[in-house]
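Shared between the two complexes below is chain A, which pairs with chain B and chain C, respectively.
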Partner chain A sequence: MTSTQAISRRVLLPAIGVAMVLAIWEATVVFYKLPAIVLPSPFAVVATLVDLVQTSAFWRDVGVSLYEFVVGYAIGVALGVAVGMLVGERPMFRMAATPVIESLRFIVPFAWIPLTILWFGTSYAGKIALVAYAVFFVMVVSTARAIAQVEPTLSRVGTMLGMGPWRLAWKVHLRAAAPMLASAARAAAAIGWIAVVAAEYIGASAGLGLMITNAATSLTTSVVIAGMIVIGVVGAGVSALIGAASRAWLDYR
Partner chain B sequence: MATPAIAAHAPPRLSLRALRVVLGVAGVVVAIGVWWLLSRLLAHGGGVINRLPPPLAVFYELVHYARGDLWRDLVFSLRVFAIGWGVGVVLATVTGLVLGRSQLLGDIFLPIVEAIRPVSSIVWVPLSIVWFGFGLTSKVFLVGLAVYLVVIVYAIDGSRRVPPDLERTATMLGMNEWQRFVSLVLPGTLTEVLIGSRVALMAGWGTVIVAELVAADSGLGAHLIGVEQSYDVPAVMAAMICFGLAGFVMNAAFSFVERRLTPWRHDHATETS
Partner chain C sequence: MSTNLESLATLARSPHATTGTSRAHEGELVVENVFHRYVFAGRDTEVLHDVSFRIAAGQVACVVGPSGCGKSTLLGLAAGLLRPSAGTVRWDGTPVRLGPNPHLGMAFQQPGLFPWMSVRKNVAIGLRTRGYDRREARRIADEFLDTVGLHDFKDAYPRHLSGGMAQRVGIARALALKPRLLLLDEPFAAVDAFTRLKLQQEFKSLLALSRPTVLFVTHDVPEAIALGDLIVVMSKRPASVQTIIPVAREERDRASPAYARKLAETLACLGVTSDMT
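Up next, the complex of A and B:
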């Protein structure tokens, strides 16, 4: 009995919910005779999605956005963890860097978009820099906090075993902080992915963000919604991938 | 130098507070110095970044903007933000209470909320412009959505987490459903909503920026796009600083209010925004 109940709670009821939302969506379109410009029916969106997947331009947009994201993300995580470790390990450095980091942190990545366009034009470099910036601050703050929360006994044991400060940081603190870093890396991925999309709205020559703004200007709303779904799915996929990778890495250790 | 853990236990030689201020000022001075040096080095065409103005030029531009249109633009942006934020918080609280307290409705609709939630409101910008045009409505919709998607989690969480002790006390006192709701569920939910509303500040403010950059007709974001299109780098940087300052002031003000309203709470989990 309990397993059927669990199935009904986990599968059946959510399925009813999705069906209800789709039915209301479809009914609104039919009942108010909404033109496809305002709101295409769910079937039209699915058809558009199927058409899109078969075009090479679509895959090019996906590839460009993912490329910008991956490179920027890698740079941002590497620099963010490095600086975050310095901030966490060295009190003097922390005191000197905190005001600068905190004030830059309040200039959200999106506010940098116009400047990256002036500096880098519509090239990939601008988006890469933007993603790196967005990811960097998430990682710096979380790494510093994670290092500060490492069990002091571990540091003492390390010191007793004759580890120098850098060895201690690398061998003990970083590993103790790894679970927190992994969850920060996931949060940073979500922020970085959105930064790519937002940057592509404003100045880009290719990418998913450009695809849906172009579709919006030409009022092909079904492409806009299909594109939103793709952006959501890719974002969720990236996040799941990073989650799985970090879990595998943590298990291995 | 000892490890930080041991240093923390040792009595400070120099006043820690003084050291922090001195080093903090030194850090800022070094950062501005590096900026100034870079602007000198790159002044005559240095690779990709050949448009880096010196700090003073940005400061003058900031003063100039503050004497001119800044306040009008800021009022536009803040109005969009405040309306959207208010609408988002209220709607999230109501739906959070319904979905959190009703097992059936929660089971049916929570997975949908969870599926939409990770998709940032930024992704909705083009659709919102198709639906509502370039005016106030589309921006309010976007900010409201951003805030809603953050706050609803806190609202659901708060509505479900009534301490068992209080639940038993309520039963003992013979409280009916309505009394329980008003004196147990609602206060707990509103406390969580308050925290969620602060976390949502930065999400909402970021959405204002993107919405105004894309649908550039009014506000700080429109100004930012305007000066960008005239290649005025000092003005672009000044506008960025205005965005940062406004976000900082809002965050500080809200933290202050939150601490006043819920003094019993520790402020550990709410810092990440």
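Up next, the complex of A and C:
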């Protein structure tokens, strides 16, 4: 296979996938003669998108959602990895923390939304806390598991080379766990992004979720769908970015 | 500035300088009535049962014995990676404690290279931990990789190496630390027979330069005779020392009748008779 063929496949096949979805969508609208309030045609949604990206309000909403996500994600990953390392490295800490972690991690972030609104109102802080919470538990559990699975010989080698327990944890265990942490970080990003938007649906002063609920109340369905598409595209972009960053970190594989 | 450095250096040396007994026992590894048991698959297993022997400074002791008899456990105890259930292991006259020992170099049965580091960095990292600067660590790493014949693989990553090559990196990593106590767990096991003989030769000349105290676990009796000043023969599990056989210089010459006699003697201790027909 020549490289031009490879490139055309890489562009063409995804394009076919998108085109099929749009075709089914348009066909449904035409076939059932749906009014735009129920389901606007894909062309109308694209036109709305083009209009939207030219307004500053749209970019402010995207910016607010991304800001809430990035800050919450950073806090969640940092705390999650730190606590996960303690759980993985220190049996006493593991015994104390396991019941708390195991019961809290099954309370999905969405169950916390009413409480975060009660505590933080519609401010950014509530969303940030919610993302951090969602990301934290994914990272704690994966980090602890990854550290427990590090090849024991590597620990012995580290000690032999003169590393004390903290240096060993940092330089050997965490680094050996990196591939598993990278895939966990990517999964956590998806969950965190979903949590932000869901929280904004219910109570927010700005953000993509609020933009969509406002549009729904005023029955501008094309804005609702355009907003949903933006959520998907931004989420995929964030995930790809984290994937690329972790690949650079893990180039030895 | 220089006074500060000097006082730091004195501080670093002081634990050994102030221990009265350490001079007389410097470089000596003593295993004293060591018992070791561990719980495996819910069963309490005794691995070592009253093991005692002594290696004088600069001597090479080869440990031979049936597989699973606790030879690797013995190395772990000497390295400070394990704590004996009873008894003591002394290095330099003081009991070995869990944790890093700055005099130690060790090559493991599974080489345990860090997969995220190049071969060169794998060797240099121990030197960096022990305070060498980057350039010096790199220079020493290169030197020892040349010695084990991996000149062309310094920038390769461990996944590119064969089992034998990875083991040679492990040996280079241990030797590069210029250890006073060298522990080796079947270091040449994954190496082909010819390279093995060459590495044994290299190894002997390297030892002659720095004269570390060596505890060497092997399955290969000819190797034990070629490299050891004494051979510690272990019984099967729970292992104790069955015999300690000293090896004289003239017994290492593979063409000599003395070598043949030593080989037969050692094999007989392991339950193998020389009459194989």
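The working rule: the second predicted complex is superposed on the first by the 230 of 253 C-alpha atoms of A that agree within 3 Å, B and C clash if a C-alpha of one lies under 4 Å from a C-alpha of the other, contacts with A are read in each partner's own complex, and residues count from 1 in each chain.
The criterion applied here is as follows: contacts are C-beta pairs under 8 Å (C-beta built on N, C-alpha and C of every residue); 3 or more make two chains touch, one makes a residue touch a chain.
Quick caveat: nothing in here was measured; it's all calculated off a predicted structure.
*Asks:* Touching A:Ile16, do we find chain B (first), chain C (second), both, or neither?
*Replies:* first
*Asks:* With both complexes superposed on chain A, which partner does A:Leu161 reach: first (chain B), second (chain C), both or neither?
*Replies:* In the superposition, A:Leu161 touches chain C alone.
*Asks:* Applying the document's definition of touch, where does A:Ile113 land relative to chain B and chain C: first, second, both, or neither?
*Replies:* A:Ile113 sits against chain B, while chain C stays out of touch.
*Asks:* In the superposed arrangement, does chain B or chain C reach more residues of chain A?
*Replies:* B
*Asks:* If you stack the two complexes on chain A, which partner ends up touching A:Gly232: first (chain B), second (chain C), both, or neither?
*Replies:* A:Gly232: touches chain B, not chain C.
*Asks:* For chain A, what residues appear in both contact lists, the one with chain B and the one with chain C?
*Replies:* 156, 159
*Asks:* Using the touch definition from the top, list the residues of chain A that touch chain B in their complex.
*Replies:* 9, 13-14, 16-18, 20-21, 37-38, 88-92, 95-100, 103-104, 106-115, 117-120, 125, 141-142, 148, 150, 152, 155-156, 158-159, 165, 168, 187, 190, 194, 197-198, 201-202, 212-213, 215-216, 219, 221, 224-225, 228, 231-232, 235-236, 239
*Asks:* For chain A, which residues are in contact with chain C within the complex?
*Replies:* 151, 153-154, 156-157, 159-164, 167, 172, 175-176, 178, 250, 252-253
*Asks:* Provide the residue numbers of chain B that touch chain A in the complex, in ascending order.
*Replies:* Checking each residue of chain B against chain A gives 1, 3-8, 19-20, 23-28, 30-31, 48-49, 51, 104, 107-112, 118-120, 122-127, 129-131, 202, 205-206, 209-210, 213-214, 224-225, 227-228, 231, 233, 236-237, 239-241, 243-245, 247-248, 251, 272.
*Asks:* Could you please specify the touching residues of chain C with respect to chain A in the complex?
*Replies:* 76, 79-81, 99-100, 102, 104-106, 108, 110-117, 125-126, 129-130, 157, 159, 173-174, 177
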